[in-house]
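Here come two complexes built around chain A, the first alongside chain B, the second alongside chain C.
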Partner chain A sequence: MASEGDRRPDPEVARRSRLLEGLRLEGEGARGVAIALLSSFVFVAVVIVAVTQSAGWPEVKRAFFDWGDISNAFPDIARAFVLNVKIFLVCEVFILILALVIAVLRSLPGPVFFPLRALAILYADLARGVPTILVIALLGFGAPALQLQGVPTSRVFWAGVGLILIYSGYVAEVYRAGIESVHPSQEAAARSLGLSRFQALRRVILPQAIRRVIPPLLNDFIGLQKDTALVAVLGVIDAFNQAQIYSNSTFTYGAYLAAAALFVAITIPLARLTDWLIARDRRRQQAGSAFA
Partner chain B sequence: MRKLALLLLVGSLAVVAAGCGSKKESASGTTTAASSCAKDDLNLVTTDQLTVGTDNPAFPPWFGGTPHKPWQVSDPNSGQGYESAVAYAVAKELGFAKDEVTWKHVPFNNSFAPGPKSFDFDINQISFSPSRAKVVDFSDSYYDVNQSVVVNKGTPIASASSVAALKPYELGAQLGTTSYQFIQDTIKPSKKPSVFPQNAGAVQALKNKQIDGLVLDLPTAFYVTAVQVPNSKVLGQFAAEPGGEHFGMVFEKGNSLVKCVNTALAKLRSDGTLKQLQQQWLAKATGAPTLK
Partner chain C sequence: MSALRLDGVHKSFGANEVLRGIDLAVEDHEVVCLIGASGSGKSTLLRCVNLLERLDGGRIFLGGEEITARGVDVNAVRRRIGIVFQAYNLFPHMSVLRNVTLAPRDVLGLSRAEAEERGLELLARFGLEDRHDEYPDRLSGGQQQRVAIVRALAMRPELMLFDEVTSALDPELVAEVLSVIRELAEGGMTMVIATHEMSFARDIASRVCFLDEGLILEEGPPAQIFSNPRQPRTEQFLQRIIEAGRL
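Coming up: the complex of A and B.
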């Protein structure tokens, strides 16, 4: 484990956030800040001038940035957004479980388990290869069309199933990366202590693997959160569909901005949490290497 | 760093200059208002061609004929179907021969997108509304439309005989139509309505009984029952609201062509052509009971 710490950058550097990195490296504090402020100011001013002076700006301003339009649409879209959040939270739980099963199947050793491994690989390939919108449309309209007894017809249900199937493919690969990053000696040591293969996996491999992949897992959930908008293809009124309804009744796009703001309001905290977890993980590993 | 700042500054000034330049260019290139409706004075996208937009697939009874690529379901070039026939009648009034009319696939969302239009007018069952008219110009009415509801025969909703009786059911509409607004404002159902981005989705959901009723304009409703959803029926039409709802052709805001098309439409109305075309193509779309 010690060697892993050695490859990491100097902790002092690692502590600095990306955004300010260039600035601090500039050295002489105040001067660097002044230059950064000035160049940011010039940059923003230039972008604003360039955009507002463009030929199409008055039309774009009316179509996209009409405050009355945005604020009229916002309350309905916010109400519809609750559905997106619900889908996201429920799917997340099932994805974490299904993906772990697939990842474990794929990492089973020995020739006996070849069919299971092959199935897991096929699944991950298919799930990641087919566009999510197609899967949702096929399941949402196709499965109820079978008219089988006991098969739900709820479109939200089938959209959720589609998202779970697709995202499990991605998340299984993330888990697999975590499992493979645990050195084989860990399993060998666990088995030599008398743990069964399953116990070694459960008590030794997975705890290390999952901790390492939490940041990329969160990354996938940010993606999932956005993809909940795909239920709109099934006619369900979520935040995106509600925004479309507004846009189509007024022929303006302010409603889309309102919907975007809601999605961003959720993804930004998630993204910062991911950054924080990565930083914490890095600190812990470096602390570990100091003892070794 | 200083060099970099300078580079940034110079680069951004160039962007501003380019922005200003493009503004002047377009200012000098604005469309000159045509004073007369003589064919040579018309403000057209392509000289000597009337470019008419509609969505693809083009559905009966608005469009007819056998489909030729790239058109699906029917062919606007056929002159068959109400909207195709009206477009050719207007073209004739403006002095265009049949082969001087070009049809262009314009998805509904593109008909009101900001920026220059790719069509002279778009004819696609688009309802006039004051807020839409702020963004595009509408011609006068070429069809006064009533909303109606399609249901599966033998389902509970099929015995409803008033607007109030529709309240407990799950209703659907197509995105971009005024039908959704109608559901919300007039029917006020207790279950959340659905809004489908495509006709195909709305029809499939009705077939699957994922929705109880589909609200759409009466002529399209008759097409849905006759062709798209076996065992369905038009439950009834809704009395027109005060002032009525009508379809208008969509033009780029400020296009001088609107006046000329309105003159043509007025003539077609007064000489009975519009009425005759409605008899020919939309005759089926009458005998539905009115729900009160």
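Coming up: the complex of A and C.
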């Protein structure tokens, strides 16, 4: 252990090497990085030339890359995109809670809890088996049509409920994997100190489980952010529907690209954050094993 | 009245009968060492006492009350019994001090200040006070196991169970853990210790029980068991230990 401490790497060097590792460039040195830059440059140049010189390019450019169309549509689409982000943020909170409840129900041991376990399994199976668009249409058109007292008639509300129901099924499975990855000896240690089952779960099992599943949880949230576009089937004006309106009036598709860029602007940082968290966990595990 | 009494305890895992009728009484301040080959039932016996395993037969009494009766609050029973495991089982996401104060705060309802005072005092007693802010994976195996002992002691149990607590340790770290147990014995703690450390058992035990295939085959004072065993199987077991250079 003492020798570990003596050759602790310089943090700046370590940070750089992690960046290179992410790009699979570690251990390549300055020459390797130069070659990578040059080859990327050549590659991009060749692609640009090949695409813009091809016979169909003027057509493609007119249909998809008309800067006038894109910049015209962008402000309205960005305003509509706020709705997608709002749906995402609100649903996320409810999904995290509902999924945790389902996962905990499914992890309850003993014959007494069989009905709850069975219910949780059935739920996860249904939520993952039914197409999201179908559930959103079912709730978004169906629930307001009932015209029951006290039942909200907002389509956005019901689309949100649909997303929460579907994604909770996925996220519950992620939680469950985390709970099962905590060694049973941890629960035994907690219970042996007199903690109740619930206390052991709250203090010992879940904190360890959730830490381990943060990267896959973020992965599911990337999917959720994309799927907020499904509210468009209810006629709600979100980024996708707004893009469609512009596209229908110009007979070009640049507006779709504008909407796509907005989604990507949110999901790419989430994806990089997920990668970073996974890499950090791996480093921690390696550091931990040095002391085992 | 015995501190702990086992009456005809049976336990099976599937078709495998691990305990086949254990009778044992442990008096206050007594240190009972369980010896025997791996698989003889030592660990299972300790886990049964702590109600981590459900009995298939027999009864267990703690301080005269039956703890295996229906309707007994298992959490209340476990509060009174400390157990230390072979693999330490510290909570890796908590600092040493949090490991030690978790149960006193959540189970006994101590305030944070009270629990930390109690925890720091115990850590200091076993030479761990400067480690209270560390996470378990920054500690050596011997230190982790001492923290696990402190974690159990922080509940002020009336009985301590030790399940081969030095078996996972590097040889040079065994002594520091055994000296902690020795200190507890000198302080009068009632203990049941499953161990492969024969010289330690000979030294510390008021009584040694030899387990063989789920039964206590022979019990007596360490001097008698180690130098003059009555049962041929005990003799055989000790002979193998001596050949392995462990006694």
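Convention: the second predicted complex is superposed on the first by the 260 of 292 C-alpha atoms of A that agree within 3 Å, B and C clash if a C-alpha of one lies under 4 Å from a C-alpha of the other, contacts with A are read in each partner's own complex, and residues count from 1 in each chain.
In this section, contacts are C-beta pairs under 8 Å (C-beta built on N, C-alpha and C of every residue); 3 or more make two chains touch, one makes a residue touch a chain.
Everything numeric in this text was worked out from a predicted model, so none of it was measured.
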Touched partner set for A:Gln199, first chain B, second chain C, both or neither: second
Which of chain B and chain C A:Ser71 touches, first, second, both or neither: neither
Chain B versus chain C as contact partner of A:Ala189, first or second or both or neither: second
Dominant contact partner of chain A by residue count, chain C or chain B: B
Which superposed partner A:Val46 touches (first chain B, second chain C, both, neither): first
Touching partner for A:Phe251 - first (chain B), second (chain C), both, neither: first
Chain B versus chain C as contact partner of A:Asn241, first or second or both or neither: first
Touched partner set for A:Ser181, first chain B, second chain C, both or neither: neither
Those residues of chain A which chain B touches in one complex and chain C touches in the other: none
Parts of chain C lying in touch with chain A, wherever the complex brings them together: 50, 52, 75-76, 78-79, 81-83, 85, 87, 89-93, 102-103, 106-107, 137-140, 151-152, 155
Complex contact set, residues of chain B against chain A: 1, 5, 8-9, 12-13, 15-16, 18-20, 22-23, 25-27, 108-109, 112, 114-115, 129, 131-132, 134-136, 172, 175-176, 178, 180-181, 192-197, 201-202, 204-205, 207-211
In the complex with chain B, residue positions of chain A that touch it: 26, 35, 38-39, 42-43, 46-47, 49-51, 53-56, 59-60, 62-64, 137, 141, 144-145, 147, 153-155, 232-237, 241, 244-245, 248-252
Residues of chain A defined as touching chain C within the complex: 1, 185-186, 188-196, 199, 203-204, 207-208, 211, 288, 291-292
